[in-house]
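The structure appears right after this line, and notes come after that.
Just so it is clear, A, B, C and D label the chains in written order, and each chain counts residues from 1 on its own.
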């Protein structure tokens, strides 16, 4: 299966359910995939940040890709993250995830090292040269501490190096430059411009984005699918109302006490608590060394679900 | 061989020579180790940031540890970095490097993920529980974008979790808190407090540090060894003069044009150019996607070497 | 004259024309105000960041307010920035600008000092208690290096402390929280939610913002007025096209070479060059110590004007 | 009186005692100056960050300079901060403080605006041209969010623009570049290199600094004077012990709860609480909108004083 050009619609970054011993919980992962497919999503993105890819060993990563590809093989496109620090290490992941069946790879800028736009560009050119499947760029400065300049992305798009962008920069104005640039540059064709925001999917679609990769779509895939359909149908008022309902739901990531845990623990802990409360996964555990939500914090997550009509 | 408690003196973070095809250049690595041993260093630290660990594949990392341990086995302690994003992935590296003979491991705080002091503490406790050899903490906010709070380090030292600290924070006042705290807390014994600065080794020793891990010691190990010996002998004026000579030499990291490359490319490119010019390694290549120094920039490095009496 | 509640539409942050000797060029300022009024703007904001308030002496600030209030007095509401580091100094500016006729004041969070949400809240409560006119908050982390948390803004809005928000945070998702919160909280009435972005006015309006304060509206007030009118009329495709034309025009801020000058010099230099090229102001000088645009850079600005149909 | 070239020894940044109504408490300020003089300090620096200059109105700033110059006029050199955002505003302060008798001015890089080394350089050149007294640079990135590059400082020193540097960068390696550069460049004469650190005065002196400007010297001037004298006498062990005693005392800045207040409130609150507990000033109030220490936090400050032998 080759991925559509461009990819459109809702492409959730699939959470990775874990057992209490922190092994990949394959039956829960399969149930989660079924839940997403039933919600009407358009493709799946495994091994992204919301998938706790940064915490999964190489063996666990392989297990995740094999499981998901094995379960929805040919039914939905499966993209896989290849998150690692630099080109040689990322290329090892490219080999592993494509061997396991991934149909596109999603790669961040180099991190840990102090990088430069010229190095970012070289990084993606080498990845594209070494990958048997399309490469999408993943702009996530909160994790890698550098951003992808719009002109670098557009040049790589025009040269056929990049097949798309997942934008988690939080900077909608910069994202707009890529969206508009990709539309107006004749050399760019089939390029997928995807927002990673949970909170601005309607805004991103309005300025021309192709689709969205919201972590919260694990919890409420049908909500995001509905939002995209309302928008495509021109029913902007109801699209905005749906987006606002999802914004209120997203506030669950504030349930975890910031005095006790980092923002990652709180967000992933809330998503997994919600999936557990909704009966999708067997155990809400997050990977080490993340701090788990307390019982009271988990109850708080339940209240957000109830308020959004999901319990 | 077990590592001394505390580790003292000069412990260079060993560069990783590469072939033009970016494979580990084993003969050059052996020559580099010989050059460091001849310079009088006290231990070796492989797979640190100056070793381009962030760029080396797992196979290359293993090759490096096996080569160095095989060559100086029993003669000098060999510490190995286990640089990766989170606990489960770092534990995989701990298994690999200790299987290859490393006598201590050096681990950063979690990165890529948004972390928290409680998670950093949990991370090191899990690493210590899973490691057959001592664990040193590596404070390098420029790479991991969070710092190790002094009180966290001291608590982990008192609990026997950490065997030492390599401080590359650039914040000598915070480092001093750890040095003084480790000295005055009776529960802390044999803890190694090491500065990662090239430029303040004399200052760090004066406030009580045990030793130094300067990347520039690849280029001039004898200089750093002389500096430490002068300091230990109480000849502070000559120690300061030696440090100032090394500060002037370190300016080589500014040879690479910041408009063309990141700070990592410039620093590692300069160290490797210097080792090549000095005849220690066969090829000055740095790993992808780093930008190589130009011919003119390499000449500039040569001038710094000449000014320092090293050519 | 009291300001509308809420303020809506286009409220340009009025540039401050200077003579070659860096005194306020009053005739040019009057012409600029006429140009803005002719463009159809809804109110004027003097002494903001785009007004170079950070560079104007107290005497110059007074001159600006008196000139603008004297010229459009009663015709359009005039808001004035009171940009300074902390409460006592800001209160001095409140006294000065209201004595000169300003009908509302716009204040940032404390800066220079390391601040805290509790101090930000206290700051605005003291300003509101000491101000004879409404106080709007100015969220501009790029200048003050801390952000205004949405919950702090909403609490101050509900308590009647703040009359509005000018958001220059670049974070549309956080802005949305304030917009939605202000709409849904019955305790909040007449609160003005204004975006400071040049590039996302259509997006901000779509999610419920009342108006916009774009620096680029100095150059093309009619464009922003047209954009708002198209949006209000439901003609979203043409509104988006107008916004995209303005986005292309805004690229003029990249004309100044970043190797030679800071981002402020480049942006304000471009706006003033454009106003000079369009014949509105007599001299494009920016305040010291900003670096002026070169002749070639100024020509570049002219090309952006021509491409946008403004020359 | 002209200032010594270079300035040496201990130059406290004098706190500004306030009445409960937040007016300058002149009798307490006089007592504080007497306390500092009795402690043996070498000069006084008013209107610095520790003086809450960012919070003082222009009238209050003038009152402070007049009071201190009037009280110690001719006995000790008095330097004054001219803290404001940009050149024109800083020049207004230069006129005010020199009219009130200041013998040198201390100026930061531009802030609020996004600046550039070329603009920083231009800023200082214009200040020097407009000032009747010597200009010292104040490197304080925690407040102004840009640093003073060592090469810019050294060029301005060689050109006679700057008479000295107060370094509060926290980066001792960068400070060392200025110290060494000023010593080795024949064009630089009489340049004062001063550390603003409370915690590394011994380290700074050892690498060649002329003196120190530690905020904590308000609380224990005699301690810092003793430290400098021990160092100058070559009694390095006792100098280090004195520095360590002062480091332990400095921990008082952690008494204020960071969940309730910013770092500025905590540090200045602790210094003023200590001065109040020691009977030097009548009231520990800090300026608005800073959060005051609680009773329990003030008791905690008292314990640090007692432990350091100061109560």
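Throughout what follows, contacts are C-beta pairs under 8 Å (C-beta built on N, C-alpha and C of every residue); 3 or more make two chains touch, one makes a residue touch a chain.
The chain list, named the UniProt way, goes like this: A, B, C, D = Dihydrodipicolinate synthase family protein.
Here the structure is a predicted model, which is why all the values come from computation and not from measurement.
Between subunit A and subunit D, the least number of touch steps comes to 2.
Chain centres computed from CA atoms place D at the largest separation from subunit A.
Work out the mean CA point of subunit A and of subunit C, and you get 35 Å between them. The set of subunit C residues touching two or more other chains is empty. Those chain pairs judged to touch are A-B, A-C, B-D, C-D. Of all the residues in subunit A, the ones that touch subunit C in their complex are 170-173, 176-177, 180, 197, 199-200, 202-203, 206-207, 236, 240, 244, 247. Subunit D meets subunit C in the complex at residues 22, 49, 54-58, 60, 83, 85-89, 92, 110-116, 118-120, 122-123, 126, 142-145, 260-265, 287-291.
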